[in-house]
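Just below sit the structures, each encoded as structure tokens.
Each of the next two complexes has chain A plus one more chain, namely chain B in the first and chain C in the second.
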Partner chain A sequence: MSAALNKRPFDGGRAAYLALNGALLVFLLAPIAIVVVFALNPVPYISFPPIGVTLRWFEKFFAGSDFMNALWLSLWTASCVLVLSILIGGACALALDRGNLPGRAVATSFFMSPLMLPAILTGLALFQSYLLIGIGRPVWGLILAHTLIAVPYVLRTTLAVLHNFDRRIEEAAAVLGANPTRVFSEVTLPLIRPGVFAGGVFAFIVSFDQFPVSLFLVQPKAETLPVVLFNYMKFDLDGAIAAASMVSILLALSVVLALERLIGLKAYVKL
Partner chain B sequence: MAVAIVQRQPISRVAPIAWLIAPALLLFVLFFALPFGVMAVMSFFSGNPVSNPNAVLTTRHYERFIYDSAGIYHDALWATLRIGLITTVISLLIGYPLAHWMARMQSRLGHALVLMAVIAPMLTGIVVRTFAWMTILQDKGVINTMLMQWGLIEKPLPLMYNEFGTVVALVHIYVPFMVLTLTGVIGRIDERLEQAARSLGAGRLRAFVEVTLPLSLPGILAGSLLVFALSISAYVTPSLMGGTNVLTLPMLIAQQVGTSFNPNFAGALGIILLLVSLVIVVAYNKILTRLSGEQGLA
Partner chain C sequence: MISRRSALRTGAGFAAAATLAAPSILHAQTKTLKITTWGGKWGDIMKATVLPAFEKEFKCTVSADQSFPFLPKLQASPKNDPLYDVFHTNSNEQWSAVGEGLVMDKITVKEVPNVADVYPYAVSDKVVGISIFTSAIGLGYRTDKGLAKPTSWKDLADPKLAGSRGGYIIPVNSLGQCHLMMLGKVYGKGLQDLDAAYKALEALKPIKLVDFTGQMEKMLLSGEVSMGVIHDSGIYRYDGQNQPVDFAGPSEGVMALEQVLNVTPSSKVKELAFAYIDYMLRPDVQKVLAEGVWYSPSNKKVKLDAKYDAKLYTTEAKVAQLIQPDWKWYNARKEDIDARVTKLLKG
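Now for the complex of A and B:
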């Protein structure tokens, strides 16, 4: 049936469909490519076309103490969030999947809800609370706020893995004489690990790129990288921003590749 | 993007493993449920009720918004909703073909590559992508420079520091969410239904409009809801792309916290934004259940 359709010499509708989708891919990817061009262009303001290739913006980025402090704070925060969200989210997924809890669907939506509510409001609500109890803006407050936003990602990937989990493997291990602890550490954990890690990688990126939640929760002299870049961009648009963007993009790209290796992108997107 | 959960046989006894929920519950109660409560309470106080003994209960923050003597709050709410709506409609129009293409693609490699192209921008921070659009749309940006060099225009087109630029960047940022939501739904529609319609004599367009499109309605609604919720709460993109010509509710909130230091009024604005998003979520869910009920797709 479809072979008969393909016999037409030129399929105009099909060509238009493919051209449209090609254009959409360009729309999605061109801005990222353009950042690369500006990161390497030596002119100190945004100008097009580029006139050469330089690494001076990368030097400026890596030599600037503001940028570096922000980069380290972001990396430190994201690393803490990675560990915390894996532990909290992974445990929560196990409890939700196997705890026979009453109101399980409600609980799941509750734990997923930070994704549906405006993130800037989560930041504002936490800011108000920290203000009310007078603790200022501690780094641990920022880390826990990011963890809150990151846990749903870990939850989602881990619940998906648990959902496809064949419980008979665990039963087999138990029948063969493994005690519950050993079943958990040698059977359950290795099997759900890809899901947990994929969620963790996503948690890292969510924290590293986080802006709305951080906005009200960072101290003026100790801001995360996205906040520093945002404030810098309000006054100055030079290659240093593009270089900083490149660093973020490379980081994101390596994470996509890590995701692909760990669990396969297809598996992630099905969730 | 709800998680599909198959209900296991209900067993009355709660297993000991359920205790593993405790850390998450503690985090979500202390750092999520409680703070939103705090924000709601603070929005009815004139100051910080803990540190300032003179703070009194008041509805003046809400009155300030409702009577709008400064003449900006209603405009800001309207601009927020307008930008959210336009962004959603455009994201749907350009996201649908891409999602359809991806869902129907035979080649595994092609599918993986398109998927990568859709996810890569998602993993690039909002600030970075807004920067990219600033370099493209500003007066000395890529588009204006090229058009001027080709002699097509005399002076730069106003592509940025207005709602147009804001919407373009927002669409770029949120269209991947639309594509991923739609792909899942379109992928689950049996392709043979469309083929059946075509073998019964419907043209390609008619088969799409009368079979595939209605069946993908739940995905359209879910994706639109997600994009709308995300774009009405956007802060970075409207403030950088809109400059001083665009004022949205999240920008007002940031102003109240940052420059005016009136966190109580910011809280009231936050509650208003929250109510608006909740009303939309609930209304959408109603429509969604009704439409999917009509088609027996629950």
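Now for the complex of A and C:
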């Protein structure tokens, strides 16, 4: 009797919901599956089913000085961008949320504007500006350009946290005798940290995968990985491209996991 | 006898003189030549041997940009201080650049002595700057699919090849643009007969389209494409690798895909730029690159090894088969052509 009662009637809506989710997952993950097959297949072109398994493309990737230099430059750039965007984006978010600034909405739109412009135009404009002021294309110029694109991500996520922030906790700390610096460092900062660092993760990934802005701003012998891969693809479309993509995906995933372990991004997800 | 004091004074004098002279000496020794160049095997050879030898001989450094797009970057840089001194591209982009005054019209024997030894096509009125190599655009095909070696461009329209013939996204690929012009010649009144070309292009549907020649190579290797438009070096580079692909130069002629070097008029190191072009035209340098990437050298005095000589365009009779597109004419109509072919090949 209980089994009959517990048997739930067929729910068409739920089935459609699950099917849609399944289809979305396949849509999102299928390209990664293709990259994996291409990276491990011995032949130098995409073929399915694969004829075997090899690590030769990974060997080629790790043995190539161009690839390795580009990988390290991309990691270095993305790490700098992470730090800078956290500092700038976090400070901007606090100022916009707490500063009672005139034209707050306009200022927010202004800081978010790099996301609204096509990145290729941002890259071209910065390229021209750098050349006009005579600084050429230094690596720090590339880092600043990536930071410009990445700051809005930190700003957005931090503003979201601040929007849900209970100011009474800060007031309680102040009433109990904490000075403003102590309130900020021991109350405000820990509470907004998940939002800031979640934005930082986005900033890292956006910088690490950045192509349109980098296209104009990299200089010879100092090219980022996406640019090197694009140029490589024009002449040698083989599994090394897929191996590089796998490494990129794994590195980005590692950063996300490391930050999750260090600061607990789940807290932000729960907001 | 030299006293300790006078020795110190003399030494200090030399040191001061050396310090004062150092910047100019350093400047003279570290002139930088900014060039564009290809990646892939070409880039590997350039980085490993060709450029280091040039740097050593001319006591300079070469900053070689391999990151596309070259023309927009040159266009965006100040005209009086261009991003590049030597501009290496295919011919179509040189024509766009010269129209804006970004590169020189012609390179003559006065500036580059080795120009005296090049085939006429390398300095023809269809070329801005100088062509240092060319490859031939024809048909690549699979030898294991029962296909006869193509003898005409019309062979690509064989109904048996429906869905397994390959071409390019014409707005972004100069081989695709050459193919379109060739269709005008084969099916109409000449290279500029666009109506005939459009009609013939539409008849090639279904056709697989790619952006880059590297993709076409892989599609031929994988068998996804049985016959496609490609340059000879894109097939010959697999020589000796037991791949079932070959190249055919159709009887109507092959299109020239020139590797053109040019100098920017406001280059601060113009003499060095000319010296670089002269160096690239030297027979020994031409041989290394020609045999490395299967490009036909422009210098008539180059003696290639037999297997390269047999296939590449290395005699007056052979180079006479090369058809050079009129890129000035094409570029003037490019927007209209792009819109038309995109509409034709949509889907």
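Note that in this section the second predicted complex is superposed on the first by the 224 of 271 C-alpha atoms of A that agree within 3 Å, B and C clash if a C-alpha of one lies under 4 Å from a C-alpha of the other, contacts with A are read in each partner's own complex, and residues count from 1 in each chain.
Please note the rule applied: a residue touches a chain if its C-beta (ideal position, glycine included) is under 8 Å from a C-beta of that chain, and two chains touch if they have at least 3 such contacts.
The structure displayed is predicted, hence computed values, not measured ones.
Once chain A of one complex is fitted onto chain A of the other, the partner contacts of A:L132 extend to both chain B and chain C.
When chain B and chain C are set side by side, the one touching more residues of chain A is B.
In the superposition on chain A, A:F230 contacts both chain B and chain C. In the superposed model, A:L124 makes contact with both chain B and chain C. By the touch criterion stated above, A:V218 is placed in contact with chain C alone, chain B being left untouched.
Contact with chain B, but none with chain C, is seen for A:Y17 once the two complexes are overlaid on the shared chain. With both structures placed on the common chain, the touch criterion links A:V43 to chain C but leaves chain B unconnected. Residues 45-47, 124, 127-128, 131-132, 215-216, 230, 233-234, 237 of chain A lie in contact with chain B in one complex and with chain C in the other.
Those residues of chain B that touch chain A in the shared complex are 1-6, 10-15, 17-21, 23-25, 27-28, 31-32, 34-36, 38-39, 42, 48-51, 94, 97-98, 101, 111-112, 114-121, 123-136, 138, 140-142, 145-146, 172, 175-176, 180, 183-184, 195, 199, 204, 226, 229, 232-233, 235-236, 240, 250, 253-254, 257, 263, 266-267, 270, 273-274, 277, 281. By the touch criterion given at the top, residues 43-47, 124, 127-128, 131-132, 215-216, 218-221, 223, 227, 230-238 of chain A touch chain C in their complex.
Against chain A, in their complex, chain C makes its touches with residues 38-43, 63-69, 72-73, 76-78, 81, 83, 212-215, 217-219, 221-222.
In the complex of the two chains, the chain A residues touching chain B come out as 1-2, 13, 17-18, 20-21, 24-25, 27-32, 34-35, 38, 45-49, 87-89, 91-92, 94-96, 98-102, 104-105, 107-122, 124-129, 131-134, 144-145, 147-148, 151, 156, 159-160, 163, 205, 208-209, 211-212, 215-216, 226, 229-230, 233-234, 237, 241-242, 244-245, 248-249, 252-253, 255-256, 260, 265-266, 269-271.
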